[in-house]
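The following pair of complexes shares a single chain, chain A, combined with chain B in the former and chain C in the latter.
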Partner chain A sequence: MLSNIGSILVFFILSLSLLIIYYSYVETQTTRTTIKKNIYNLSLFQVTFTILSFFTLILGFIFSDFSIINVYENSHTTKPLFYKIAGTWGNHEGSLLLWINILVVFSYLFLIFNHKHEKNFRLYTLIFQNFLILGFVIFLLFNSNPFSKIYPEPLEGLGLNPILQDPALAIHPPLLYIGFVGCSIYFSAAIASLLSEYSGKQFALSIKSWVQISWVFQTLGITIGSIWAYYELGWGGFWFWDPVENASLLPWFAITALMHSIMVLEKRNTLYEWVIILCLVTFILSVTGTFLVRSGILNSVHTFANDPSRGLFILIFLSLMIFTSILIFFKKHKKEDYNFNSNSKETFILANNWFMVFFLATVLIGTLYPIFLDVLTNEKVSVGPPFYNIVIIPLVIPFLLLMAIGPQFNWINSKKEKLYKTLYVFFGACLINLFLFYFFENYGLYSNLILITAIFLILHSIFDAKKSINNKKKFIFPRIISHLGFGLLVFFIGINHQYSVEVDFNLKVGEIKKFNNYEIFFKNIKVQQNKNYKSVIGSFKITDLEKENINYLNPEIRIYTNPETLTYEAAIKSKVNSDLYLTMSNLPRSDFYNIKFQNKPFMIWIWISAIMIALGGFVQLIIKKNEE
Partner chain B sequence: MKNNFKKFFIFSFVIFFLSIFTLALKKDNNYSTKNLIGNQISSFQLPSLRNSSFITDKELKQNQFTLINFFASWCAPCRIEHKYLVRLNDQNKNIKILGVNFKDKKNNALNFLNDLGDPYSFVAKDPDGKASILFGIYGIPESIIINKELEIIKKIVGPIDQKDYEEILRLIK
Partner chain C sequence: MLTKRVKNRILFFLFIFIISIIIAIFILKSLNQNILYFSTPTEIKQVEDISLDKAMRVGGMVKKNSIVVNNKNIQFIITDFENEILINYAGTVPNLFAEGKGVVAEGKLKDKNFFLADRILAKHDEKYMPPEIKKILENNAK
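Presenting the complex of A and B:
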């Protein structure tokens, strides 16, 4: 029943896309200056049906309708309601439907919110967005239909991978999808802008908010994913340079570059060509990332049950997108001359872009190189943290410096005297670092430079914030928040990296282990039966002998029944200044448990800083809304 | 002219990328164990975990069979498989086990061996995981078995279990 409704709705979405493309094209040929009502209506229908189809699938999961293969494969009656719902997008087919939802919703919102802009520009955007929708709906219908039926109806489902049953992971994919798929709208807008020759400042204004929205969501999505890895994977790390994590970083670098250069287009009416390239590249990289993850040519924790035909479809689609955009770009773009003063804001924004391109290229090479080598020479390599640390860390130092200095400059031309203040701030940063260096143990040259530059950026941002409060310049707040967030992020990662304690030992119930200034007492163990899993919970008393405080931690070993899986749940005590992290795993045929204990300073601040970066973009959207 | 060259360059670049992707799709499972089997391992030199000595491929030629096991103290499945390695070493004379300690800290690794037993005739260290790449390792535990000619005859991904253990015994008979 639900599966039929779902399939019909998807078919409607497909037909509506075709109609919208047709009517919009006809409309571009007329001389009217406003868009006819019927296009608005078709879009409204399209968005309604799309959302309904997604709700239909959610209902299928809530009521455990196992006649739908997708529900059968990814759900189970004993699963808590929250995870039943989250299961909707926890699999390939369902997430593709979510993907289409976002394409359609953005398409509709762009149409109704941009009524001030030129008619043909809006219509072409709508046409290209609907080509994208069409492509993905065809993919959904012919290859990955979440509404496919199974007969006879099974009595029970197979269950969702327990490692995915986590609140952070329930919201991680929707956030990332809004971020990545949201880029589609300015991909379409960029092509529309080339075709309708609607360029310059007006174009920048039309896409600016959309860039910011998708940037905020991408930043949050990546952060939440990292938090999940920290809590769930049980290794105590939060970023692994895993190919799939990298795939999510690639569009983020492009979009961050875009967010900066679009300001130049808005204020100085230049860099149009470059902004267009970034608009195109951001979405192309999002789709490339999807291809890498879904086709299964990368192996990682994110691997969906894979199927080469999926990969082939996305690849064909990707090729079409790339070739169309390159062809249109070459046909329509006009050569621009830039002449920027070296002491102007735009020069520094361009510098930001160069750094972003460099980071992007590094991560791209690191991610694709193993695939290339494997295909061309059959040799297998894996590119891990050593590569990224060697290539990226040295560049972070000048990057942080420029992040603090750049915003001090005015558009077009600035006076020099401002830089003296910056020098004082820099000395301040060196002094603070010296203080840290003296009171804690010493650390290497790179760590020193990174910490100095991070502190420099933090101090500078704080001074900027103070100054802007005095001058009542609220429009620079978003920038200050994001830059401060980045400075803090690098600072806390640096400190965390330097002063983490990690020990690993075996312990029996009732035993005590002493090391450094900690004492760990393994009090007891109890078994608890939960709805869809059984857990073995250890209780530990951790005494910090130096500070004389006591913490109790209860790590778990969970035995899930559907599908049968063991997961190790870390016990984490987050405090303002550090996280205590404890995992336990059983040793077969022995009374011993393997215990891994970590003390990770300022963990929570890493998350707060990352969220602060996203918050900057969010504040910008609010300020803009209030101004209108 | 210059412009045409740019276009040509960009197009070839894109086509190159896309064709690699297409080829990569056709390759089933990048890390399947079978395509490693039959290959000879390349020459290597690994530093010891315990002291400043080294082990090279030449020394392995003296063993009838060698099992190279990649392990770490932080890896829970490694603990599970360890008893099979200990048994293999105790009960068989014609196979030697070379341990490669993967992305680990020295003290933790030594404690691991103290607690669970040391089946290795040599323990090498690979603190940043670079050397293990040469053996086609992408996660641990993993083990490869080579013969006298340094040819890989079996690769085991994941912890060794009873079934793998019995198969190893058959192989080295």
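Presenting the complex of A and C:
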């Protein structure tokens, strides 16, 4: 029943998309300056049907309608309601429907919110967005239909991978998807802008908010994913340079570069071509990331039962997208003159873009190199964190410096004397670093430089904030918040890296382990029956002999039956200044338990700084809305 | 005679070109130093002059009844059903580490029969199998 409704709705979306493309094209040929009502209506129908189809699938999951294969494969009656709903996008087919939802919703919103802009530009954007919708709906219908039926109807479902049954992971995909698929709208707008020759400042204004929205969601999505990895995967780290994490970072670099260069286009009416390239690249990288992850080329928790035909479809679609955009770009682009003074804001923004491109290239090479080597020479290699650390960390130092200095400059040309203040701030940063160096253990040259530059950026942002409050210049707050967030992020990661304590050992129940100034007592284990899993809970007493405080931690081993899986739940005690982290795992044929203990300073501050970066973008959206 | 404008432009592009080459060399060099090669126990046996100080990955199946645990280390044998290698590891094992299951160990060789691991790779899906190990199994099934 639900599956029929769903399939019909998807079919409607497909037909509406074709109608919109047709009517929009006819409309571009007329001389009217406004868009005819029927295109608005068609878009409204399209967005309604799309959202309804998604609700239909959610209903299927809530009521465990196992006649739908997708529900049968990914749900189970004993699963808590929350995870039944989250299961909707916890699998390939459902997440593709979510993907289409975001494409359609953004398409509709872009149409109704940009009424001030030129007619043909809006229509072309609509046409290209609907080509994207069309492509993904065809993919959904012929390859990954979430509404496919199964007969006879099974009595019970197979269940959702337990590792995905987690609140952070329930919201991680929607956030990341809004971030990635949101890029589609300015991909379409960029092509539309080339075709309708609606360029320069006006174009920048039309896409600016959309860039900010998707940037905020991407940043939040990546952060939530990282938080999840920290407490669920049991390694105690938050970034592993895993190929799948890299795939999410690639579009982020491109979009961050775009966020900055779009300001130059808006204020100085230059860099148009570069902005167009970034618009195109951001969405292409989002789809590439999806392709790499979904096709099973990169293996990870994100790969649901992988299927080469999916990869092939995305690959064909991706090539079409790249080919079309390159073709249109080279046919339509115009020569531009660049007139930049070295002491102007735009030069520093360009410098930011250079760094972003460098980071992007590094991560892209590191991620793709093993794939190419495998295809070409059949040799299996992997690129680990050391590569990224060696290549990226040295460049973070000048990057942080420029990030603090750049915003001090004015557009076009600025006077030199302003920089003296910056020098004082720099000495301040050196002093604070010296202080840290003196009171804690010493650390290497790199760490010194990174901490100095991070403190420099933090101090500078604080002074900027103070100045802008005095001058009542609220429009620079978003920049200050994001830059301050980034400075804090690097600072806390640096400190965290320097002072983390990590010990692995094996322990039997009742034993005590002593090391450094810690004493860990494995008191007992008990078994507990939960709704859809059984858990073995260990209880540990951790005594800090130096500070004489005692903490109790209870890590778990969870045994899920549908599907049959073990997961290890880390016990984490978060405090303002540090996290105590403990995982316990059983070892085959042995009374020993494998224990990992970590003391990680300032963990929550790392999360807070990352969220602060996203907050900057959010504040900018609010400020802009109030101005209108 | 080139005008100043054209000259500046040429210099600018030359500058960008040289910088990009330097960057490319820098990236590729560090890439080369930091990639980990994957081998099976059989491949380790076959290679004559294997480097002992370069980090690498070894993969295969955990041999049945081979896990030995004391309060510091875990020892087990990785097999590809032709050759075996003894692994010594101090650290946390992933969820699906078990006898008879696939495993990838990362670390350094002591000699051709003994491997000191500093990481055992975790994958979080019961259906998941590292592609390298899948291949070994397919080859042995033939």
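Points worth noting:
We take it that the second predicted complex is superposed on the first by the 626 of 628 C-alpha atoms of A that agree within 3 Å, B and C clash if a C-alpha of one lies under 4 Å from a C-alpha of the other, contacts with A are read in each partner's own complex, and residues count from 1 in each chain.
Convention: a contact is a pair of C-beta atoms (placed from the backbone, for glycine too) under 8 Å apart; a residue touches a chain by one contact, two chains touch by 3 or more.
Being a predicted model, the structure only gives us computed values, none of them experimental.
After superposition onto chain A, the modelled positions of chain B and chain C overlap sterically. When the two structures are aligned on the shared chain, A:Phe323 is found in touch with chain B, with no touch to chain C.
Legend: residue contacts after superposition of the two complexes on their common chain; A:Gly366 is shown touching chain C, with no touch to chain B.
With both structures placed on the common chain, the touch criterion links A:Val375 to chain B but leaves chain C unconnected.
When the shared chain is aligned, chain B comes close enough to touch A:Leu315, but chain C does not. Touch criterion met: A:Phe291 reaches chain B, while chain C stays clear of it. By the touch criterion stated above, A:Lys596 is placed in contact with chain B and with chain C alike.
When the two structures are aligned on the shared chain, A:Leu587 is found in touch with chain B and with chain C. When the two structures are aligned on the shared chain, A:Val391 is found in touch with chain C, with no touch to chain B.
Residues 235, 299, 380-382, 384, 386, 504-506, 568, 585, 587-589, 592, 594, 596 of chain A touch chain B in one complex and chain C in the other. Those residues of chain B whose C-beta lies close enough to touch chain A in the complex are 7, 10-11, 14, 17-18, 20-31, 35, 73-74, 76, 79-80, 83, 105, 108, 111-112, 115, 128-130, 133, 136-138.
On chain A, the positions that touch chain B within their shared complex are 235, 291, 295-299, 308, 311-312, 315, 318-319, 322-323, 326, 330, 368, 371-372, 374-376, 378, 380-382, 384-386, 502-506, 568, 585, 587-589, 592, 594, 596. On the side of chain C, the complex with chain A involves touching residues 23, 26-28, 30-31, 33-38, 57, 65, 67, 69-74, 90-99, 106, 122-128, 130-132.
Per the touch definition, chain A reaches chain C in the complex via residues 161, 163, 233-235, 299-301, 303, 305, 358, 361-362, 365-366, 369-370, 379-384, 386-387, 390-391, 504-507, 511, 513, 563-568, 583, 585, 587-590, 592, 594-596.
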